[in-house]
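Alright, structures below, take your time with them.
Both complexes below contain chain A, partnered by chain B and then by chain C.
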Partner chain A sequence: MNVNSLAVPGFSSDVRAFWAVVRREWTVFVRYPSWIVSLLIWPIIFPMGYLLTARALSGVDGSGLTTFQNTTGLTDYVGYIAVGTMIWMWQNIVLWSVGYSLRNEQMRGTLESNWLSPTWRFSYLLGSSVPQMVSMITLLVVSGLEYALFFGVKFNGSILLTILVILASIPAVYGLGFAFASIVITMKEANAFVFLVRGIVMIFCGITYPMAMLPAWMQATAQWLPQTYIIHAVRTASLSTEGFAGISHDLSMILFFGVIWLAIGYVLFVVMERRARKTGAIGQY
Partner chain B sequence: MSDFAIEASQLVKKFPARAGTGDKPAEGAAPTPKRKPWWQRGKKEPQAMFTAVNGVDLQIKRGEIFGLLGPNGAGKSTTIRMLCTLLEPTSGTARVNGFDTVKNANDVRRSLGTVLAGERSIYWKLSGRENLEYFAALYHIPAAIAKKRVDELIERMEIKDRANELVEKYSTGMRQRIAIAKALLARPPILLLDEPTLGLDPQAARNLRELIATLKEEGHTILLTTHYMEEADQLSDRIGIIDTGKVIALDTPENLKQRINQKEIIRLELTGWHDDLGDRLKEITGVETLTTHQQGEADLWEVNMHSNNSRATLPRIVEAISGNGTRLVNMNIVKPSLEDVFIQLTGKALRD
Partner chain C sequence: MEIQTLSQPTLSSHLRALSALIRKDWKQYWRYPLNAVSSVFQPLIWIAPIYFMGLAFSVNGKAIGFSQYSGTTDFMSFILLGTVLENFINAVFWGMGYALKNDMDSGVMESNWLTPIPRLLILVGHSVTNLLVTMITSAGMLLFGGLLFGFHASGDVFRAFIPIIPMMLGLYGFGFAFAAVVMLLREANALVDMSSFLVQIFSGSNFPVNALPKFLLPIALALPLTYGLDAIRHYLIKTQTIVSIQLELLLLVIFMFVMLWIGITTFRSLEKRVRTLGTLGQH
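Coming up: the complex of A and B.
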């Protein structure tokens, strides 16, 4: 007796498979309700330490803020720090969640059963990032609302331009996450790298202080990090009234690095996936 | 189209030997030289390799159930992983449904339904139905057909009442049924079942064996690995016995048993077993292979010996075990089973 397969390969089947990965990831994500707590609490707790330090250093009457204003052109140091920490938080969460998405599948034992199917392999990484993006955009919106409500931050800039910068930042932020995810499939352990990268972003990209505070060589190095442009652009778009002219250079650099990091992420994925098939790393946990 | 569903020719898989894991270098591999200081290093030192699969040849006919048997570490999982494209062979070739496992990997994946890692291969935070719908999309089954197929498999696996519950609430047997339903989704011509009855209660295992037999009747080719000899004996049309990365015997269960039919199995049950006694029994002329295993927690041991002439050997065996605190509880001379064939060929029991 002949067995006739029900599979119908083709582009539309690949699109449906990608969508199935998105739906699966979203369903599993919402079934762990602790994410709601993180969503509400983290944006307030994380910048608090920096804000209190800044308040202490600026003096009781706030006289120290003149220096801050001269260096940054902004009077709202709370908004300045809040935006910087918000972007850092975004990149940090992407490194942990997207960076470890395949590794988590590997530890659960489901990576092999996904890999046994004829679906385009990059779909698993790309598809699992979509719900993560949605939750992160929600986090950014909640953060903005909480900063306005609890810290009194006045977002004098343009909401549309802020959204534009955040959307343009997705390739750079997630490209780095894809590169991490690919390395983690074979290396299994990337905590040290995550700590290194987020430390570099924290120090070099000026999440809580102006770049002018840094020595020249650190400022030069920061020009090679997309997060430097993202933080600057989001601050300009949301806190100042400079408009598109104030972010156009940052935007082009963000898109440039986005293309570079997406390409690095994809190439690393292909190389590491092949390597994992040779070494047997797919099934090891 | 080839008569064979699966063909492997001189399949070899080597892994770098990991320090401290007990991986032995492959036969003929150069020993790892002592590490020189970095300033004296020239060319990269050759890395010691561990050979998991060492020249496996297989030809599995369409429509047959082929049992692959071997003790832990024999190379059967590595062989299965190469056949289902999770691993690339170091050398040699394998074809599944006529497709090369390296060059046409996606065609191979479309031809296969695989059960690996059993209950861990599905999502515990999804329901049984959600799991099947998800994998149906991954296997490129059109949406309209997928819905019907999922319903059909839920019915067939007898999980209709609990199909919408999360898998984390299922028993091991139910999870295993979802894993098998997942493998059957796209109705692939070839099924690779790696230890499908592992961890199942006797009733669930019996139901699964019946299902496997039905799948063969429906025309599927099945490659089955198992630790249970009776299962392999009952289900398989042919059996390949793999040990230390090589297929050391390949035939029908009947022919394999025929090989040692002229031999007898002396089975003893005794208390007070000690290793010296094993050495004394092995020295007796006529005793060929000896295996032991403790039965449960108690000090009761089963000892199996192969012999050409039990009449001549028995008195010496009884003499050897008397004294030293050893007590003979039971003694039988039995017909060789597939397990005995395995012991004769590999010198160890399947669960060693």
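Coming up: the complex of A and C.
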């Protein structure tokens, strides 16, 4: 009988290695169930800060709200802010978890030994993203339910279109996470970079306000960030009745940026891998 | 010549230990200067969405709706000040517990504990660098925040210290109790993240608490920090207070004594328990 082992690299051995990483990450993930509490509480408390500030800005007699409606053309700020903050939370968690997956492996001291195995190394990153995607999809569903239940958000749009936008957003959101993982493994302590990137998304992509409130240069910059299109598309798909026509442009831009970010993520990974082998930095922490 | 060592505890040996702790933390903090940059800009990033959102609710930069709750149309000075005060609260409130956790993780907790220094002094020592660093980063934050969003303190800066002093001393009491809980549980990050976020919301760092829905208002009124933030804002930017300023100051002084008593008692009792369990060196 011909036994195909991991020592004879091939497509099926790469798939087996990928699957081993998925199973390992899943085992670690379910071993610490405290994430369930975070999953239930953060979708409520994170937008709450912005929602209550908006409530205070509205005034006792609602005069501020009238100004808001005249300025932005929006009637309901609650759903608008809730959806914006939900997408931001998704990207933020991906940056911390996928972005730090290799670094955590390095801290545990297992990265170097894994690196020596004759497998496709990108599968370490891909494999660690799968359980993360499952938890993030759960987060998005829980957020939607809680917003409807606690904040009274009316999702008048289409669930199918919302799912379509979220699926189309996965390459862009995770591509950025992959690029980040490569930077983190080189820079080691890169918390400040996570703060910077999530801050840019927070300010430029309009999580709590329409883009028209930004100065022209900031609006121009926002056009280069996929999260701008993701937030707009999810809002249109879930809150309005505009249908596919309302999201078609956003969808094409999201997919375009998805390809770009996946490519950047992969290239950075390859460059980092070569650099790390030359400098011997893989085992350092 | 008589040599005074740390093994013969005196006031001066305590002061030397305190100074050593402060210098160690100071050196460690500035070893990673990006952290300081992050401390200045991170809070500004958090409040930037509020700035742009606030513009949509304002006419010519004046938030009329906001003034109905707070007494000022200058919502950004209100929020910026709240954010700076929140930094100080975090430095004492959670900072001492985090510092103990770091000591546990780096394996020096047990050896520090064996030195003839009062345990509470170790906690206070950890908080001093935190407060100094917070003063520097908050000054930078006010400077950049003022340039970006505008900050106008029209009130009396010196009188603002009247509520700051009892509030901060009361926070030390809470910090002692929290440090003791960290010592016992050894892992409290998720709990701290959520609790500090909730305290920030309900103490009104970003909005006047009377804008809260009626069923949430009692939570805000039960937090002594709410009165501290409210009174400081009243002195600095002349906002209207939730209750009379005299009553707020009285509540803060009562809070200070009660929290210091609770904090010290809790710390002593939990510390004794940890030593009995023998889990001090574990993490």
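Criterion: the second predicted complex is superposed on the first by the 263 of 285 C-alpha atoms of A that agree within 3 Å, B and C clash if a C-alpha of one lies under 4 Å from a C-alpha of the other, contacts with A are read in each partner's own complex, and residues count from 1 in each chain.
Here, a residue touches a chain if its C-beta (ideal position, glycine included) is under 8 Å from a C-beta of that chain, and two chains touch if they have at least 3 such contacts.
Quick caveat: nothing in here was measured; it's all calculated off a predicted structure.
Touch criterion not met for A:Thr138: it reaches neither chain B nor chain C. Applying the stated contact rule after C-alpha superposition, one finds that A:Ser252 touches neither chain B nor chain C. When the two complexes are overlaid on their common chain A, residue A:Pro118 makes contact with chain B while staying clear of chain C. Of the two partner chains, chain B is the only one touched by A:Arg108; chain C is not. Once chain A of one complex is fitted onto chain A of the other, the partner contacts of A:Arg277 are limited to chain B, with no touch recorded for chain C. In the superposition on chain A, A:Ala192 contacts chain C only, with no contact to chain B. Of the two partner chains placed by the overlay, only chain C lies in contact with A:Val37; chain B stays clear of it. In the superposition on chain A, A:Pro9 contacts chain B only, with no contact to chain C. Contact with chain C, but none with chain B, is seen for A:Ile203 once the two complexes are overlaid on the shared chain. The intersection of chain A residues touching chain B with those touching chain C, taken from the two complexes, is empty. Residues of chain B touching chain A in their complex: 15-16, 63, 78, 81, 84-88, 106-107, 109-112, 114, 116-117, 120-126, 130, 133-135, 137-143, 145, 149, 166, 182, 185-189, 217-220. Looking at the complex, you find that chain A touches chain B at residues 1-10, 13-14, 16-17, 19-21, 23-24, 27-28, 31-32, 108-110, 112-119, 277-280, 282-283.
The touching residues of chain A, counted against chain C in their complex, run 34, 37-38, 41-42, 45-46, 48-50, 52-65, 67-68, 71-72, 81, 189, 191-192, 195, 199, 202-203, 206-210, 213-214.
Partner chain A is touched in their complex by these residues of chain C: 32, 34-35, 37-38, 41-42, 45-46, 48-50, 52-59, 63-70, 75, 79, 190, 194, 197-198, 200-201, 206-208, 211-212.
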